[in-house]
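Each of the two complexes below includes subunit A, the first together with subunit B, the second together with subunit C.
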Partner chain A sequence: MLEIPNKLQAQPDVKKKRKWLDSEGRWGLLLVSPYLIHFLVFVVGTSLASLYFSFSDYDILNPPKWTGLDNYEKLFADPLFYQALWNTVYFTLLYVPAKTFLALLLAVALNQKLKGLKLFRMAHFLPVISSWTVIAYVADAVFNQRIGFANAILAHFGIAPQSWLIDEVWVIPVLVLIAIWKSVGYMMIIFLAGLQGISNDMYEAASIDGANAWQKFWRVTVPMISGTTFLVIILNTIYSFQNFEQIFVMTGGSTEAGSTGGANNASLVLMLLMFRQGFSFYKMGYASAIAWVLFLILLAITLVQFKLQKKWVHYD
Partner chain B sequence: MKKSKFLSVVGIASLAAALLVGGCSQSSTQQGDKVELYMGYTSDPPTKKKMEEIIAKFEQSHPHIKIKTVTAPYEDFYQKLTTQIAAGNAPDIWQSDGTKVFGFAQRGAIRDITDYVTKEVNKDEVLGVEFNKDASGKYWGVPQGIQVGALFYNKDLFDKAGVAYPTADWTWDDLKAAAAKLTLDASGKNADDPAFDKNAVKQYGFTFFGSSRGAFNIMKAYGGGVLDPTMTQSIIDSPENKKAVEWMADGMKRKLFPNPAELKAFQSNFKVFLSGATAMQIDIYAATTSMNGAGLNYDVAPMPKGPDGKRFAPVIANSWVINKKAEEQKVKAAQEWITYWTTSDEAQKEWAEVGEAIPVKKSVANSEMFLNPSIKPDNKKVFLDSLDFAGTIDTNAVFAEWLKVVTDNLAELFMDKMSVDDYISKTDQGVQKVLDDFFKKQ
Partner chain C sequence: MQKRFPLNKLFGYLFVLASTLIMVVPFLTTVFNSLKTYKQYMQFPPEWLPDPVKWSNYSQVWEQANFSSYTVNSVIVAVLSVVGTLLSSSMIAFAFARLKFPFRDTLFMIVLGTMMIPGIVTIIPQFIIFKNLGMLDSLTPLWILEWLGQPFAIFLMRQAFLSIPKDYEEAAKLDGCNPFQIYWRVFLPMCKPALATLAVFTFMGKWNEILAPVIYLLSEEHFTLPIGILSLRGQYKTDDQLLVAGALISLIPILIVFLFAEKYFVEGSKTSGLK
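Presenting the complex of A and B:
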């Protein structure tokens, strides 16, 4: 994934014209065949199958029946779809800028010569490798309505206890906060790699020109890591649209079938709606339609981001 | 050149072989005269061990049948089963959760076994046979283990509050009156005390949630319910349901019952009772295992009566069902297994030992072995007696989907964000839409 920006640079065409499938070509094909076959069967194959399912009535147990645009018509008339879409967008709007900014901040801080640097870096990376179930338990210690310390702090200031994860207003911001805490360390590492790629000469030159720390950050650091920032934003956006596990684990409520999505579907995101329709309600055709709409939305957003990057991303 | 040609041939051949092997995993299943029966069941380590023992005994007494099994914990099992059904290599017979039997039936995945059930299954000896009968009189499964709901109560909390234990004569109003005395705030005042602090409840009187443990039972006792007997029409909009819902909403407002947010604070709905934070809860027989594990001092009473003396206990009859696509020979073998399961004292007693369900053979269920007074709860007979007024929780093909509508709206009502009238009309429309989407299409 780290190579995305590099791919944008045009590669000079030095390939020799080669006969199709000479000995070397066949060897090459054979050597990549494990990946190629996996890709064809499990990525292309399943994607095409889901595209077909999205145009059919498919309950998993019986063969799909072609129904044309039925699922899409139903989807665009379903208020829950719009609610899930809004919840997803809302999550993304809070999540992407906050996490990107925070990750950069942490990376800059941990790029200094500090005592116990490794310890700090590790501390921030620890949640990244923990499972969501563990994170959910830790988060519960903070946001539990009864015993969590968020309410204990509020009580100190005489504010009534909140029911964070079941409150329609609070649930998404709280989920975003926890999601950022869990994964900011990963983006921090990516930023760190970007920061360490900046040559010290640049800062020295800036110092000679009389730039202060702030100016150095704005005029040197930020432009120099814009490629990394772009990557981080894209990854965060994709992650945010595909967030499933966290919301499933944290607002599942109970083990009863179909109970995910929180109070009044306040934390129902597209991925959750898709899971619920497909696996709890046996509506795999409808779920496939959601998947394809989600894919198209993500594709559009990513394309827009790629277009916009020309204005602010520098690759030098 | 030769070498590379050889290599590509080997490569392609091995790939083709891999695909072929994947494609023909269910090839010939008959070895000699033996029928190989492919069976699926949900399990955890103790139930898996027990089931293997019972299968070994069955194979001994039925030498012409060899059982091959597929098993996994609950969620995983059904996910795998669904894909197996889709791929056409599902087990010949599997143990279906009671709430899923009609779902499989109405989607054409399992076999109509009316003929076998009417001829071979003795309803006087096997519990719960009727729970797998649909509105048109067809049978789709035979009980494997029975779950019945009852009122569980924490004896210690009753003793501490000086409240008499629930009796078989209790109405839901009696329960609420007792719940008020058993709901305590941080300073130990109960909900009847004018100085009771609603914002600092430390112990609740009564807890209910979900379907078999929830509102459905109260609506039924009040004469209401969710679906009509055909399971295709919503009957939510009725004065009986409205009364039941008002009864629940009032208890929530008075903080006698924890609302969904308060339940959530316990991490798991089951923890409220298990941790001694509620005096009463509706639960099913399976819950006794974890309650005994927690060392709780508890007992069970029959579900309370509604205002007109009507009583309702929820039943989930987990059942053996037969794959619609199973070959005749295997269907026969599957039926032999079911007959063995429901009639053999040996199998029934072995299974009862794991304590996860009420045995389906009546004589075993009524025996000292099951009613064992040295294992809590003392009053296990309540579960058996409750079968007289028990019914399914209106399970049909879209059970999970309509239940979602009902529970979502109830949560809104209990969180005081919706009025009772709005609840009734919104839920009625929501449930009917789910039903129409499925049944009108058929």
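Presenting the complex of A and C:
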């Protein structure tokens, strides 16, 4: 399916006359058998089941009843679906570019062999290791409309307090800001690993040609790191489209299903819509249809990104 | 170039320092919030430092809620997941890296493929499988699949096994070891750094997981820490600062793991950029 570059290939089969399944072959199949079960039952089996559910009326208690395209027709006529789709896309459009760029900048800054590198790195990893429950309280310290210091700072400049996460307009930008803050350190590490693969000769050659730091960044670093950038964009797009935990925790208010989605559904994303339909209303058929639409959108975006990479990703 | 370099470094420092403050200050504020009285916590404009320092918030929230039960559940899920991942994924990865068997490369492409394919469509059928197995409202669905191999873990261990010279394998073969013994006695002990990376990554993922516990756990006695704390929100309306303390308690174990094994977190992050 997707072409994944894999530098470390296992040794190719030596073309010797061998039985189709010799002792080594049997051992091999035996040792990978747990994953075979995982794949056949929990990936292929479940995907097929999900596809079937999406064409059925299924409330868990009674067996699924085939209803053809009903769920999809209902979905495409549901204004909430379009709202959730837009919210998901809006989140992704803000989240992916900003986070990728910031992570790259941080990695470039840290790559200059700064003293205290380990300490800086650890500080940026603190939110990465925290659960969204912890982050919800950390974000509360900043963006709580009553006690957060964001409003205290605004008040200092005579600006009226905002209600951030419970405000229809602010909620997604603030969620994006928090999401970037939480995991930019992780992406920074991926970029750092990529930067260490760029040979110093490139920078020296650029210096001889009289390039300044800014030009070196755009003309050497950015093209040379583009393979990593591409991967970071793919990973984050996939994450962003399936973002559930953050939005559930921060605009939900409780573990009680159905109470999520924020003020006026302003932070209702596709994953939340699926969760609500499936696990609050037990409309498993409808929820499966949402899952498949989300899956196909994501697949299409990923394939387009793979096509577009040829235009901007630089491979040696 | 010699002259410009320090200036770049200075900008780099300022940028990283600013970013570090942005990372740390909200956490510090949260720690201070957890030590405030309710009155001071709710005060606007907020005061940064707690006065008086109420350490008792921590013991109070621990006693008032089922914290020990949440913690035990979280530990069970995390430990069983880590053990399961280490055993199963390393064994599977060994076969992919070191044995020749039919469809090996196709199967490995599938492993890589499932790593890229989003898991959304499998959530509902998996729920139904576990429901039919009578595992709803139990911790089992939260760790059992880790015992059947996870794509990222297989990928990571395979990289580690591939880097071991073939001589070890041949020596063990001459000693009459079968492939499983070669894996268990020779290869596994040589890949301790990769195993440590995998262990901390799995621990982190499971310790912090929210979606699966929300779907599978119904009664409070089975709640893990992240959702246990969320479930308290409605109950202690007057004492929000206690919930802040509770959330921070759940951070302590993973923070300790992180402080002692930081380099493995970094290694794991790098590997996830390799695929």
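Basically, the second predicted complex is superposed on the first by the 285 of 316 C-alpha atoms of A that agree within 3 Å, B and C clash if a C-alpha of one lies under 4 Å from a C-alpha of the other, contacts with A are read in each partner's own complex, and residues count from 1 in each chain.
The working rule: a contact is a pair of C-beta atoms (placed from the backbone, for glycine too) under 8 Å apart; a residue touches a chain by one contact, two chains touch by 3 or more.
Quantities reported herein were computed from a predicted structural model and do not represent experimental measurements.
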item: Combined model on subunit A where subunit B meets subunit C, clash or fit; value: clash
item: First (subunit B), second (subunit C), both or neither touched by A:Asn265; value: first
item: First (subunit B), second (subunit C), both or neither touched by A:Phe244; value: second
item: Which superposed partner A:Leu126 touches (first subunit B, second subunit C, both, neither); value: second
item: Touching partner for A:Tyr282 - first (subunit B), second (subunit C), both, neither; value: first
item: Which superposed partner A:Trp27 touches (first subunit B, second subunit C, both, neither); value: both
item: Most subunit A residues touched (candidates subunit B, subunit C); value: C
item: First, second, both or neither for A:Asp167, with subunit B first and subunit C second; value: first
item: Partner chain in contact with A:Phe149 - subunit B first, subunit C second, else both or neither; value: second
item: Subunit B versus subunit C as contact partner of A:Leu69, first or second or both or neither; value: neither
item: Subunit B versus subunit C as contact partner of A:Tyr35, first or second or both or neither; value: second
item: Subunit B collision site on subunit C, chosen from 131-139, 167-175, 185-193 or 257-265, when both complexes are overlaid on chain A; value: 131-139
item: Shared contact residues on subunit A - subunit B and subunit C; value: 26-27, 29, 37, 60, 140, 146-147, 253-254, 257, 279
item: Subunit B to subunit A touching residues, read off their complex; value: 1, 4, 7-8, 11, 15, 79, 82-83, 85-86, 99, 103-104, 107-109, 199, 209-211, 260-262, 264-269, 398-401, 403-404, 407-408, 411-412, 415, 417, 441
item: List of subunit A residues in touch with subunit C within their complex; value: 1-2, 4, 6, 8, 10, 13, 20-21, 24-29, 31-32, 34-39, 41-43, 45-47, 49-51, 53, 60, 105-106, 108-110, 112, 114, 118-134, 136-142, 146-149, 151-152, 155, 181, 185-186, 189-194, 207, 212-213, 228, 231-232, 234-235, 238, 241-242, 244-245, 248-249, 252-255, 257, 271, 274, 278-279, 284, 287-288, 291-292, 294-295, 298-299, 302
item: Complex contact set, residues of subunit C against subunit A; value: 1, 4, 8-9, 11-13, 15-16, 19-20, 22-24, 26-27, 29-30, 33, 41-46, 48, 88, 91-92, 94-97, 99-102, 104-105, 107-114, 116-129, 131, 145, 147-149, 154, 158-159, 162, 178-180, 183, 204, 207-211, 214-215, 225-227, 229-231, 233-234, 243-244, 247-248, 250-251, 254-255, 258, 262, 265-266, 269-270, 272-275
item: Subunit B partner contacts - residues on subunit A that touch it in the complex; value: 23, 26-27, 29-30, 33, 37, 57, 59-62, 140, 144-147, 160-161, 163, 165-167, 253-254, 256-259, 263-265, 276, 279-282
